[in-house]
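Scrolling down, you'll hit the structures one after another.
One chain, chain A, links the two complexes that follow: it is found with chain B in the first and with chain C in the second.
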Partner chain A sequence: MSASSLSRRAVLKSAAALAASAAAPGAVFAQSGGPLAFATWSAAVDQVKSHLAAFEKATGLKVDYSNSPWAQYREAMITKFVGKAPVDVLWVSDSWLPEFADAGWLAPVDGYKTLTAYNADTDAFSVDSMMHKGKQYGITYYTDFMGFIYNEDMLQKAGIAAPPTTWAEVVEMSKTIKAKGLSEYPMLLSMAQESWLIEFMAALVYSHGGRFTDDKGAAAMQSAEGGAVAALQWIIDAVQKHKIVSPACVETGELAGLKAFGAGQHAFGLIPKYRLRTLNDPAQSQIAGKAQIALMPKGGPKGTHATVGWMRFYGMTPRAAADPARAEAAVKLMEWFGGKANGEYTFQKMLFKDVGAGFGVKSLFQDPEMRAAYAKYGDIKVIEAQTALAKKKDVIAPWFGEWNDVNGAAWQQAIGGKITAEEALKRSAAKWDQLKKQG
Partner chain B sequence: MSAAGPAGATGHVAGERHRRLRIAALWIASLIFVGYVTAPLVWLVSSSFQSEREITSKPPHWIPHEPTVQNFAAIFAAPKKDVTYETRRAADPASGGFIPSTAANLLPAMANSLIVAISVVILNLLVAIPAAYALAKIRFRGRDASIYAILTTRVIPDIALVVPFFLFIRNLGLLDTLASLIITYLAVTVPFSVFILTNYFEGLPDELDKAARVDGCSRLQTLLHVYVPLSLPAIVAVILFAFLASWNEFLLALMFTQTPNSQTLPIIVASFTSDFTISFSFINAAGVLAIIPPVLIALLFERYLVSGLTAGAVKG
Partner chain C sequence: MTQAAVLARRRERLPFSHDERRAWLFLAPVATTLLVVAVFPIVYSLYISFWSIKLTRPHRQPFVGLDNYAQLLADPEFWHAVGRTTSFTVMAVTAICVIGLAVALLLNETFPGRKALQALLLVPWAIPYVANGLMWKWIYDSSYGALNGLLFQLDFIDKYMVWLGDANKTLPLIANAFVWKEVPLAALLLLVTLKSIPADLYAAARVDGAGALQRFLHVTLPALRPGFMLVIIYETMTAIRHFDLFFILTEGGPGDASHVLSWRIYVETFRNLSFGTGAAMSYILAIVTFALAYGVIRALGRNVR
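What follows is the complex of A and B.
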């Protein structure tokens, strides 16, 4: 085993194996038969608590709710799984599904028709994102996509009537805006090595008509005809040749980028769609009312308006599934949050209205209440159209984390001019195929 | 002489000018250094009194144009016992929807951090001082091996200890309790505390030990009345180390705590960056509160700080 392959996951698993022998005699569930254990990351905590209070009142079931920070949530949950801590229902990211399912930390929900019945009213991207090896592993928590956001005010000042529809137009418009002194770096890209990086890359790759992997899961990113090389080349040119994207983009994280966009420093930006609400909130943003969404620009001859989407879902653990009574309670909880509560998508609507989180429920786009809420800060027609063009990441695999480190570093080196786009993607592809071979 | 006089005067003037230039350069360099060191702190405090809109102003407002205490108001708001649909956004006095819903957990988390840190400090001193004295002043078989064995435990990275610790804590039924943190932090900090104190005690003359024993002191009395008073700088170093290590620790707290009943400050502050809406000004307000205890401790022990931090670095 090479040093580079000694991942955090491997260390945790090894440590668990070493400790298991000493701990095994006492390894029984301390809370078996007790309240449902519901684990989430620390988001929308009061919304969750309020909906839980209503659940307990409506069903008489008790729930132990715990949460931990998003950035470390995956590691925390892995520790709890290998340590056999009591967890029944949890939030899961689509990125972790293969890893969690293959490790036996999640139970399929195909047998629970109460949950799978919602598939008919859930967008295909979301259902697809919860599937692994032909089995479904949950019900939607929320879903969203990478949006192309522009500062309408800055475009008007530059004499630009409509947002760009291609990445070539982004370059031309950015040059105009830069020449007029409205922004030093009109295009915002946040390419720091963090969990958001793959979403930014994927949005660019998909809109250039490219893919990271082919239908068989083999690396396709290195193909000269593929969109990945063209996408990376576009960034390199934007930074080094046109100087419309800051060279510091490789150190700019999603949050820092959001704040910079909200401060009016950029004309265009790749920003998660749910941030539109923040950008148009006068209490948080200096461009409130001016942040608009457009379809993702097309790149090159094979370009499309496609973007990357992501989703999070409610998953059930084998601990809950093993006990019919506990499983029934877990299904009730999952439906209460991910489906309907008292005949309505109460939690999905609350999340959207309170924090702007996107929903994967098709019928909610027709809900007058939701349309009115959207209309306050976004163009629902564009959002609906872009939602339909969102695609799941094609690099979701158990080895994603290890590959992502190498891939991110390669892109950053290319953006910095140390290697070419082709070299970066060959390096990334080689790592992907090596990890795939290792399984 | 007459020629030397003006030359000497000129030399004196030049020397004086040179001296003044040096002082001025020193002042300027000092001011730049002080500005460089204090600027983040000043910005932390200043931005905690700004709205989320103002904090992103360009150029930044070092003095808030529209100061607000809304961030602190959210922190000091009474935590809600039962959150309902109607009260779910009550934590956000600005109604801007960007102050995290876990804001009211900050003060309880500070209390948890303080309890853990103080407990770890006290237990560290109770365990490490006698252990270090024994290792430094009592010759016994296996002494060197004991010292190396204690130090070896610090070579193991924390990440490798997480799962064994987790199983241990779970089997004791201590998950989501402050005791889980106190026990594991002790395991992490005591070896280093023993190392610092052992080296310091070894630097003190053995004759003191013998004289105290001749005068009828027991081992414990020798330790308490002779060595402890002479070792205050090293003890302060241990206090600072144990307190700060416990105050800032993240990984173990993340794994062992699950609810605000036991979550410590680093976990709660990290949770503020997890939400759909994230406020830099609010996080900075939390940062202001988070640095108060360590700063107070540093001020309290300031006179021992320099000698204490180098204690054990060089054998006497």
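What follows is the complex of A and C.
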């Protein structure tokens, strides 16, 4: 081998390296501080891994992916932040945004036009859910809302032509279904003390025209006219007076409720909308093809069809933001997952088609492929209408978790008949104001 | 002075002999490990109980002295948790003592299959608490639980009942699951004590004309005092600090029906991430546990040799 050929090879290698770094400008710099650390909870793990492999191939960037169970995720991440463990990009729930942002564990992304450019194609609820004190903290992962699902087959057997539009109709129809022996407890409520509980409560409160807090963030849940008391009283009556909701609802978690609904035990249920896919899958449900969605029933004179929505997003840590090259790599990763990859919303579509997770991207509602997928198990018009009526939880604050434990216990006590709806919400409001005062 | 004399004097000045120094050298690794993994965490947790440490407020963690303790003692919810812990402990320890004694008396008799029964008795004790909790969660389930199935088939109930979801039944049902797991140990400890009672005592009682009940009341029960002391101290300490079943069966619910002290410590420390108040609560629980153990030893320990 001659010296001149070696030299030519070396030149070619250098040129190739330069070309690669030009194609993926963040790669060389970001990797100098080690791979990007990407933390998620244990959901859609296979989809994340495959999309990550494509990202690494396309950009030349290396990513350390780790996940932990949803139930312990918040605590695990806080421990990581306090212990200064390496995290660059992570999934964040809208419920934790004030807590994480105020503690300095999340960096705003307003300065990254690549990410904020997606706001124009993201629904207002989702953008709002990523805002805290006027700053934006991420790009959408998925969004969904609490749906009012009914078993069409059971309604037909009971001679009911259309789903209820008010909570009073839910009571009347449930009584009819119960009287005909079609279901012991026609209405499903999953009120166990778990992270889903606040979503069930909020859907009921909003549809009764109520709220937990006022515009200044002070407790409003205890107000007799506020709707929260009416919502809790509706549950108490449904359990104790009408006996259309099982008293075991206080020990029924979201997943157990879903299984019971899928087994055909109930006619109506408050169920996260994305579960429609599972309920209409013959491999997972005995009522496949019969689970339908209706607008959230209205409660009382001030009632609306509003429901609660929630949002999860990709956030960036100050560790990543502090180093321009690492920040650039982090932005690429966030866009790859939360925005477009190779010119389309690849990951959002993958999540929707594989697990039924909702999206906050407006243009995807017009995508023929997505509309066809939706049509297989849901009424897209109702879903679009309900999406527009989804509201953010008004109890998202740094002290949310601590208040939520007290609030959940108070609601359960009221459902069990230990205290009244008024007492429960007064207790809950007192805790809210106490924690707000502490800051 | 000769070199040997100098060495001898130097040895005399050293606080430990050669053998003692060697012993300390061998003990050093274990002692160091214990200091790091046991003594330091205990001392450190006492230290943090004097601070307002909340992980979610990393920039504001002031020294508060005894405030964490004072706030807890003034909190009615804390005293409600103390009340529930006491109810659970009294229910559980009483049942364990009574059932454990009955089982021990049975196993002290001679009958076919006694050894097999003795071996079988160890099964609940050998099952980990988490597995035990999951098993009872299935048994108590309101829609497919074995308890409902059994009672329904025996015509004791006409429809499936809510068990753990009923605040009035929650604590007794959790205590029942606890008792099922702990009875074997109590029975074995009492059986060992029963075996150590001299046969002469029973013979003498018979000569004095004592019947079976009198022999049980005046010979067996007093002789069982050391066994009962062990069982009561151990089971009381275990019941007061018990957490696993509360976590698996009810997660503190329904409402606050199973908010016992250990549950509140868990919520305060690992959910609210308030390490200061969590540590303070743990110290209160530890002090109460030690005080109770001391009281039981003082009450039952007299005349025990």
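One rule holds for everything that comes next: the second predicted complex is superposed on the first by the 407 of 439 C-alpha atoms of A that agree within 3 Å, B and C clash if a C-alpha of one lies under 4 Å from a C-alpha of the other, contacts with A are read in each partner's own complex, and residues count from 1 in each chain.
Convention: a residue touches a chain if its C-beta (ideal position, glycine included) is under 8 Å from a C-beta of that chain, and two chains touch if they have at least 3 such contacts.
For clarity, every value in this text was computed on a predicted model and none was experimentally measured.
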First, second, both or neither for A:248, with chain B first and chain C second: second
Partner contacting more residues of chain A (chain B vs chain C): B
Chain B versus chain C as contact partner of A:260, first or second or both or neither: both
Contacts of A:131 with chain B and chain C, given as first, second, both or neither: neither
First (chain B), second (chain C), both or neither touched by A:79: both
Chain B versus chain C as contact partner of A:364, first or second or both or neither: neither
First (chain B), second (chain C), both or neither touched by A:168: neither
Chain B versus chain C as contact partner of A:194, first or second or both or neither: second
On chain A, positions contacted by chain B and by chain C: 75, 79, 82, 260, 265
Of all residues in chain A, those that touch chain B in their complex: 8, 11-12, 14-16, 18-20, 22-23, 26-27, 30, 39, 41-47, 49-51, 53-54, 65-73, 75-76, 79-80, 82-85, 255, 259-260, 262-265, 274, 277-278, 281-286, 350-351, 354-357
In the complex with chain A, residue positions of chain C that touch it: 55-59, 142-143, 159, 162, 164-167, 250-257, 259, 267, 270-273
Chain C partner contacts - residues on chain A that touch it in the complex: 75, 78-79, 81-82, 99, 103-104, 184, 192-194, 246-251, 260, 265, 398, 401-402, 405, 408-410, 412-413, 415-416, 418
Touching residues (chain side chain B, partner chain A) in the complex: 51-53, 55-58, 80, 82-85, 87-89, 91, 94-98, 100-102, 159-164, 166-168, 170-171, 173, 175-176, 250, 254-255, 258-259, 267, 270-280
